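Below, subunit A partners subunit B and then partners subunit C, in two separate complexes.
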Partner chain A sequence: MDSALIPEGAKRCSFPKFYMGIAVVGAVVLWGLLAWGLIYWKGLNQTNMNDYYGFALWIWADLAVIAVGGGAFFTGLLKYIFKIDELKNIINFAVIIGFICYSSALLILAIDIGQPLRGWFIFWHANVHSMLTEVAFCLSFYFAVLTIEFIPNILENRQANKVSFFHHLAHNMHGIMVIFAATGAALSFFHQGSLGGVAGVMFGRPFSFREHLNIWPYTFFLFTWSAAAFWPCFTLLVTKITETITGKKLVGDKTVHLLSKIAGWMITSYIIAKIIDTIYWATVTAPSLGFKWTHFYSNNALYGKWMLFTELILCGVLPGVLLIMKSTRENSKLRLLAIILGVIGVCLNRWVMVLQVMAVPVMPFDTWALYIPSWQEMATTILPVAYGIILIALTYRYLPVFPQEQELNYPVEEEAVDEPVVAPAAEPVAATE
Partner chain B sequence: MKQEHNKAHKFGMVIDLDKCTGCGSCMVSCMSENNVPFKDDESDKKKSITWMRVYKLTNGKSFPDTEIVYMPRPCQHCGGKGDHGHSPCVSVCPATATDYGYDTGIVSQIYTRCFGCRYCMGACPYHARYFNWWDPKWPEGMEKYLSPDVSPRMRGIVEKCSFCYHRYQAARDQAYAEGDKDNIPEENYQTACTTACPAGAIVFGDLNNPEHKVHQIVKPDPHPDPRNKHVVGKSRNPKVFRLLERLGTNTKVYYLSDREWVRKQGDNYLEGEWDKIKNHHGDTSHG
Partner chain C sequence: MLPFCFEWVWDLGHVLFIGGLLFAPIGILGAGLTYCAVKAAYETINDSGESHH
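For the complex of A and B:
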């Protein structure tokens, strides 16, 4: 039914089967929209947040999707600026994942604020001292850049590409993509960092407060670094899931190994910095404010030292080492384990830097505060995931996302004898220049 | 209005914890003075709006040595590190919806500008900020008792103690009318909690004015603490302390107690540290 839209030469499942799947995920989207409606209608009393938990599940989700969605910016940086050409095989997908993550982050922020109609005040009455102001500006600009990076891929759709204007527009946009890659890299560096700064500048909260380098707390640099370290894990994980669902190999081993290697070195260097930061905080910063570091990990039901061990060692050092060593990196099972641990690790770090900060008592007579999100919070957090699945499904079906799909799945010798070799199913968008 | 530096006020209070009986009059008077709304269910205290909240502290000993103290906690009107006006909450608000008054030392909340991101709540270690999770509501008939001087707040924004700023405005207007705009007599500007406290535990006034009682009790040291350069305005009275002073929040609410265990509860100390630090309480920084 929709075969005219499907990239030439690509094999896709039948129309009814595809849309049955979309309908199932669509039901989850509807559930999320219902919760969203309730929240806008009745207010944030629909959540389980309270005056101790002004920041909770949503802010964590925001920080987490932005951390793992950093792939678009880093792939662009490595591909266009550092000229690592191999990444052309995954750049389209990285941009799509980035687009999903960043649009999700903006969506969650729009749900999270108490007076959504005043959201623009953050730009209009901007307080230049606030990390959140920097986040809002960079995030919005970067989302605009991502949209621009996504457009050429959309225009490569078989029907759209027949329109000469679109064809040339896509072509010309590739030509100037290096400018957007550079802009995106700068913007990303700052908003990833400012998100870390959000927690690091709170000098009333000794658990998250960090010493500063000039105006930036150490968390500023650690957040940028961790996003740069863990994005390949998430990109590879989503690729793996997509490959499993479609039953096809979509990205060549060489690219996968390269990304894994980048992740390995970046994670290891990040985790060394993070461990140094933690030791400094535990032995210098916290004691100078009257706290023994164990205060932050005891006398409550959830936050124990196991959390620190899981974040730093199990989901930090271990995936780093597994991805650095060639033998484990090229072993598909161990690699999968490492990338899953990596994604958990960075999400856990964001959790700790939001939720645990709120949980810890600061006044000596105060108590720990734990929190369980309401179904409305969960539904609106799952909403972007469902939306992401749908967007990936649609782009995979209708756009030439994976340049290697043809060669990896339908080698030329299998082509029907009476058919000339068709245009490759997936023109490498990034490689057309 | 920009005031000359030497004319700037610095309003603050000192609460005598040995006098406070925990009766809660300050909380009630604050709610009624400032149009704080009611909720159907006030049992979840983490969702109740209490600009002034009385905490109960104990010395942790069992009977018959148990001692209890009640600690009223309004917004501490922090001056931030070095007392430069970068309060934990003011410095983080992305929309400049909470502001530091350099002429008064009061941290304001601009209800019509706050868009409810709640970053300020996360930044405040005293839990002095409250979010309007619900639309404001009053039991029927009670709206008639709302104060016309204080705007009620809508759902979805943050509010907190303002040191009854409207009372300051009234006192200032009076001073203008009487032709001496720089002289606001102590008794002309007092917060609702101060006037309501039956035990007289709360003393409010201008910390910069040596004639005010609060200044005389607190004896604030204008110089930075040599042991922690972020701390300014430390009390030179050995019985007076501030909450979480070591963080460098530089609060304007001081507490007073004869009892050592009470003073110790004001901040966090490593093992053995209190014995060294307590001797410095009341020290002047410079001789």
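For the complex of A and C:
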């Protein structure tokens, strides 16, 4: 039914099977929309946020998707500025993942602000002393950059590309993509950093407060660094999931090994910096504010030293080492283990920097304040995941996302196209399985 | 926030923040997109663009 829209030569599942799958995920989207509607109708009392938790599940999800979605800016930087051409095989998918992550972050913020009709105030009545204003600016414009990077891929759809204007527009946008990529990299650097900076400047929260380099706390640099370090893990993980579902090899081993190697060195360098930062905080910063570091990991049911060990060693040092060593990096099972641990590690770091910060007692009369999100918060947090699955499914089906798909999956048919007299039936067609 | 509106102050914070992070990206992205669209329209009319990329 939709074979005219499917990229030439690509094989996709049947139309009913595809949309049955979309309908299942669509049900989750509806559940999220119901919760969203309730929150807009009845207000933020639908959440379990309170005076302790002004930042809660949504802000963690926001920071986590922004961290793992940082792949788009870093891939763009490496591909267009540093000219690492091998990344052309995954740049489209990295952009799509980034687009999903950043649109999800904006969607979550749109739910979180409570009064959406006043959402534009942050641009018009900007508080120029606020790091979060910078985050809002950079996030919005970086999303615009991602949209611009995504548009040429959409215009390369088989039918859209037949329109001469779209064809030329896509070509011209590719031509000056370096400018958009450079703008995106600058914007992304600042907002990743500022998200970390917010935690680091909170003097009244000694668990997250850090020493500064000029006006920037160390967390500013650690957040940017960690986003740049862990994005390949998420990009590779989503690629692996897509390959498993489609039953096809979509990205060549050379590209996967290169990304894994980049991840390994970035994670290792980041985690060394993070461990040094943690030791300095535990031995100098926290005592100078009147606390022993063990205070932040005791007398509560959830946040123990195991969390620090999991974040730094299990999900930091281990994936870094596994991805640095060639033998483990090129072993598909160990590589998968490393990238899963990496994704968990960066998400755990954001959890600690948002939710553990809120949970820690800071007054002598305070106790630990633990928090369980309401179903409305959970549904609206799962909503972007379902939306992401749908968008990946649609782009995979209708757009030429993976330039290597043909050569990795149908090499015989490609050869046959060169010799139409011998194998006339093997000409590329938009076949459906 | 535009210069000369009542909230605007001519200080470094406003110029760097609003100028550098609001108007500069709008300008770069807007100019880039306009260039691409105008060039594509010109190429479409004259059919002078490359047929593949």
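The rule is simple: the second predicted complex is superposed on the first by the 411 of 433 C-alpha atoms of A that agree within 3 Å, B and C clash if a C-alpha of one lies under 4 Å from a C-alpha of the other, contacts with A are read in each partner's own complex, and residues count from 1 in each chain.
Note that in this section a contact is a pair of C-beta atoms (placed from the backbone, for glycine too) under 8 Å apart; a residue touches a chain by one contact, two chains touch by 3 or more.
Note that this is a predicted model, so its numbers are computed, not measured.
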item: Touched partner set for A:F291, first subunit B, second subunit C, both or neither; value: first
item: Subunit B versus subunit C as contact partner of A:H125, first or second or both or neither; value: both
item: Touching partner for A:F15 - first (subunit B), second (subunit C), both, neither; value: neither
item: Partner chain(s) touched by A:F82 [first = subunit B, second = subunit C, both, neither]; value: neither
item: Which of subunit B and subunit C A:H168 touches, first, second, both or neither; value: second
item: Subunit B or subunit C, by number of subunit A residues touched; value: B
item: Partner chain(s) touched by A:Y40 [first = subunit B, second = subunit C, both, neither]; value: neither
item: First, second, both or neither for A:I148, with subunit B first and subunit C second; value: second
item: First, second, both or neither for A:F180, with subunit B first and subunit C second; value: second
item: Touching partner for A:F203 - first (subunit B), second (subunit C), both, neither; value: first
item: Set of subunit A residues, in rising order, touched by both subunit B and subunit C; value: 124-126, 129, 133
item: Footprint of subunit A on subunit C - complex, ascending; value: 1, 7, 13-14, 17-18, 21-22, 25-26, 28-29, 32-33, 35-37, 39-41, 43-44, 47, 49-50, 53
item: Of subunit A, residues touching subunit B in the complex; value: 43-45, 49-55, 112-116, 118-119, 121-122, 124-127, 129-133, 136, 198, 201-206, 287-292, 295, 357-358, 362-366, 369
item: Of subunit A, residues touching subunit C in the complex; value: 123-126, 128-129, 133-134, 137-138, 141, 144-145, 148, 164-165, 167-176, 179-180, 183, 187, 190
item: Interfacial residue positions of subunit B with respect to subunit A in the complex; value: 44, 46-47, 55, 57, 71, 81, 86, 88, 91-97, 113-127, 129-135, 154-158, 243-244, 246-249, 265-271, 273
